[in-house]
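First chain written, first letter: the chains are A, B, C and D, and each begins at residue 1.
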Amino acid sequence: MNKVVANLAEAIRDIEDGARIMVGGFAASGGANNLVQALIEKGTKDLTIICTGSPEWMPFVENDRAKKVISGFTSHSLRPEITEVIETKVRAGLLEVETVPHGILSERIRASKAGIPAFYTPIGVGTVFGEGKETKLFDGEECVLERAIEADFALIRGHFGDRLGNLTCRFVARNRNTEMAGAATVTIAEVEEVVEVGDIDPERVDIQGIYVQRVVKAPKIVKWLDGHEAV
Amino acid sequence: MALRVAKELKDGMYVNLGFGLPTLTSLFIPEDIDIILHAENGMLRYAGVIDDETQADADLINASGQPTSLLPGAAVFDLNESFTMIRGGHLDLAVLGAYQVSETGDLANWQLQGYHVGGIGGAIELAQGAKRVVVAMEHTDKNGKPRIVKQCSLPLTARRCVNTIITNLAYIELEGAGLVLKEVAPGITPEEVQANTEPDLIISEDLSEMEF
Amino acid sequence: MNKVVANLAEAIRDIEDGARIMVGGFAASGGANNLVQALIEKGTKDLTIICTGSPEWMPFVENDRAKKVISGFTSHSLRPEITEVIETKVRAGLLEVETVPHGILSERIRASKAGIPAFYTPIGVGTVFGEGKETKLFDGEECVLERAIEADFALIRGHFGDRLGNLTCRFVARNRNTEMAGAATVTIAEVEEVVEVGDIDPERVDIQGIYVQRVVKAPKIVKWLDGHEAV
Amino acid sequence: MALRVAKELKDGMYVNLGFGLPTLTSLFIPEDIDIILHAENGMLRYAGVIDDETQADADLINASGQPTSLLPGAAVFDLNESFTMIRGGHLDLAVLGAYQVSETGDLANWQLQGYHVGGIGGAIELAQGAKRVVVAMEHTDKNGKPRIVKQCSLPLTARRCVNTIITNLAYIELEGAGLVLKEVAPGITPEEVQANTEPDLIISEDLSEMEF
């Protein structure tokens, strides 16, 4: 068993137009920036991007590769001019957006990974986030039914990885990487370092190899929330 | 305002300071008590913002994406665990920014009028999940219009969730009877607060001046 | 903030007759054996015990302290004579049992911790485990509605613990301890060692202090599945 | 029987060996391939059972409660993560014991007739969640009655979940057409297998003798 592939292009070889893609990361931490860049270079389009916010969907939206963005932040939290650009695209029918609360998106992704087709939550009741959803009372509290969200590929970032697909994550780089691993048909992980089997402490495996199909070594790229890259 | 918010923080509390302005509060936490700050991106017990980017670690950022550091006794975890904490009612207090708060405690803080895009982030879960929700905001918007309104005109984040409003002018509690003005900022009269507030305020019998 | 209490008796001081109690552990690993023993000594009765299997409920059932057992194994997996004793008690109306699949119990406990009132699952459809439950089709597959399960107290076991309630678990002693922490109104953890704040690596906190109300130091007691204690 | 089960294990597979008899299989896994054994109590890539209790670590036990050890590349995790793996369809193969299997693949392996108590454990999730389910059991019960039946008389674990049955007498695949007898144990005739099986068996055209 060897899940390590030679390069980024091989890692994303079978991602085709129209695919549904989960992208890990939260602000500057844990983004699969190399895999995303490789996918932009490949020219794959009409993608549905499921992610935390602008750092993950920006490359796809800027390059007109996204058909739809499902995210906690479909606006840009720091740059109003980018928000205006996105809003204009949406009004022109060039882009579809679905704004989903961070934690509900997280739970829907985890549900997909965990074989839970749907769950109830009070989050969103009485707002646009609960609109049009089935409701049910639990102990007198109104709840809405939320569905698991699936994808064809998950692009995630780890720190160390081995050929069995076991990964560690640094500090808050865990963020959405842990939930997305295993929530898509194929999970592809870029890692800072490929280590020998046995090098990762069994108690420090943050993402178990069972959820990961491919591992590729790629340098850490840090993009701060305002868009500038770390030196 | 941040100073007044900091006074809400008591020993032993688990507290989330939401995106933007409220994160400033972390700079004013008394050092002699244990306040455990929760960052929705996956940290408990983090410290203030690191301004020097060359000292920053991108994997140690707060929910606003700013570099920070961990205090002794910290824990890091993933987003799902983080929202398990929030939704499961494990936070004692959430401090959120707002565009508008209604007299019944409805909160609007995620989307401008007429927009399709918006940033809800974790605000909705914090508003519904925390044991107590404090809104910290400017009393009026940039056009001088009240942000405390009878009914929110902007898209709602959550209904009937706000317990306390702290602004540059006042400290207001939402109680069964309505909006109770408990404190005014130094030099501000209750009449000035009312003039900048849409719904009627109940003036507390023990109205005092804000202390920091 | 100091969650460390002086002794076992103080840790369980307010557990009263009729309480619903979650008890961590799976076979010989991670059981809160000291807290359970203290509760037996206190004489608290009419308890509902929510747990993995016989190692956790045996002390309560043997001493007639349990009104109900909710568990993946309500029989004894290795000792048929104990199974007969339990079965006899159930038939005599002295004990109520609810056999719940391990993973569904786990998910129901986690749901309680995570503010999810209910979820759908295909597990149990067409068997006694799905009987009497609401059903719904998702993508053509029949699923049953499962409710979150709550408790008054969770008795769990950690390895290291600090005064903030942060805990580590050794290897598979994580088992149900992680899910039960925070799923009850009060979570009480026995630990092998109380360490200084800062001694636990932030990346190795298995149970975050936010879920734990009390910590008490107590020696490790290993009971193998057949009942004998390790020397 | 355990030897025959071991032949089902291929390089790269994630496999759960259920409570009791099937755990023996872990002793017969070829050393030159990567089979990742999953234990429902929270381990991936564990080794055989440790017989000497003085060498045992209670925090390194398999799902049957027996002491084991971790191989290089192992991971430990909690029960919820473990069942996320099982229910989410991440296991390639589950090998389970059984009291009865029906001709449509219904499985009964958790409770005896007329009992109120029983041990379902994780069997139901393994039966419904694994990509492929192999049952390993004695062909007949202690009274000589068939365990492969038209309809299970015992309480069901899960419906239509079994893909393959391996017994001391035979290797049987459950296909659309019915129960297909693929292999017989050395010295056993298809007629002897049929005589100990309640539903009619389809004899495979390439019926062979079991190899180990």
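Everything below uses one rule, namely that contacts are C-beta pairs under 8 Å (C-beta built on N, C-alpha and C of every residue); 3 or more make two chains touch, one makes a residue touch a chain.
Just so we're clear, the structure is a prediction, and the values are computed from it rather than from any experiment.
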| item | value |
| --- | --- |
| Comparison of A-B and B-C by number of C-beta pairs in contact, larger one | A-B |
| Chain A and chain C, separation of their C-alpha mean positions in angstrom | 33 |
| Distance from chain B to chain A - Cα centre to Cα centre, in angstrom | 28 |
| Chain B-chain D separation of Cα centroids, rounded to whole Å | 54 |
| Gap in Å, rounded to a whole number, between the CA centres of chain C and chain B | 36 |
| Contacts with two or more other chains, residues of chain C listed in rising order | 107, 110, 114-116, 121-122, 171, 202-203 |
| For chain B, residues contacting two or more additional chains | 70, 76-77, 83, 86-87, 129 |
| Pairs of chains in contact (touch as defined earlier), listed by label | A-B, A-C, A-D, B-C, C-D |
| Chain A-touching residues of chain D, taken from the complex the two chains share | 11-12, 14, 34, 36, 38, 44-45, 70, 72-77, 81, 83-91, 129 |
| Chain A residues touching chain B - in the complex, by the definition given at the top | 26-30, 52-53, 72-75, 77, 83, 86-87, 90-91, 97, 99-104, 106-107, 110, 121-129, 169-179, 206, 222, 224-225, 230-231 |
| Chain D partner contacts - residues on chain A that touch it in the complex | 1, 110, 112-116, 162, 164, 166, 182, 197-198, 200, 202-203, 205, 208-211 |
| Chain C residues within the chain A interface of the complex | 107, 111, 114-122, 136, 138-139, 141, 143, 147, 171, 202-204 |
| Touching residues (chain side chain B, partner chain A) in the complex | 19, 39-43, 53-54, 56-61, 64-65, 70, 76-80, 82-83, 86-87, 110-111, 115-125, 128-129, 155-159 |
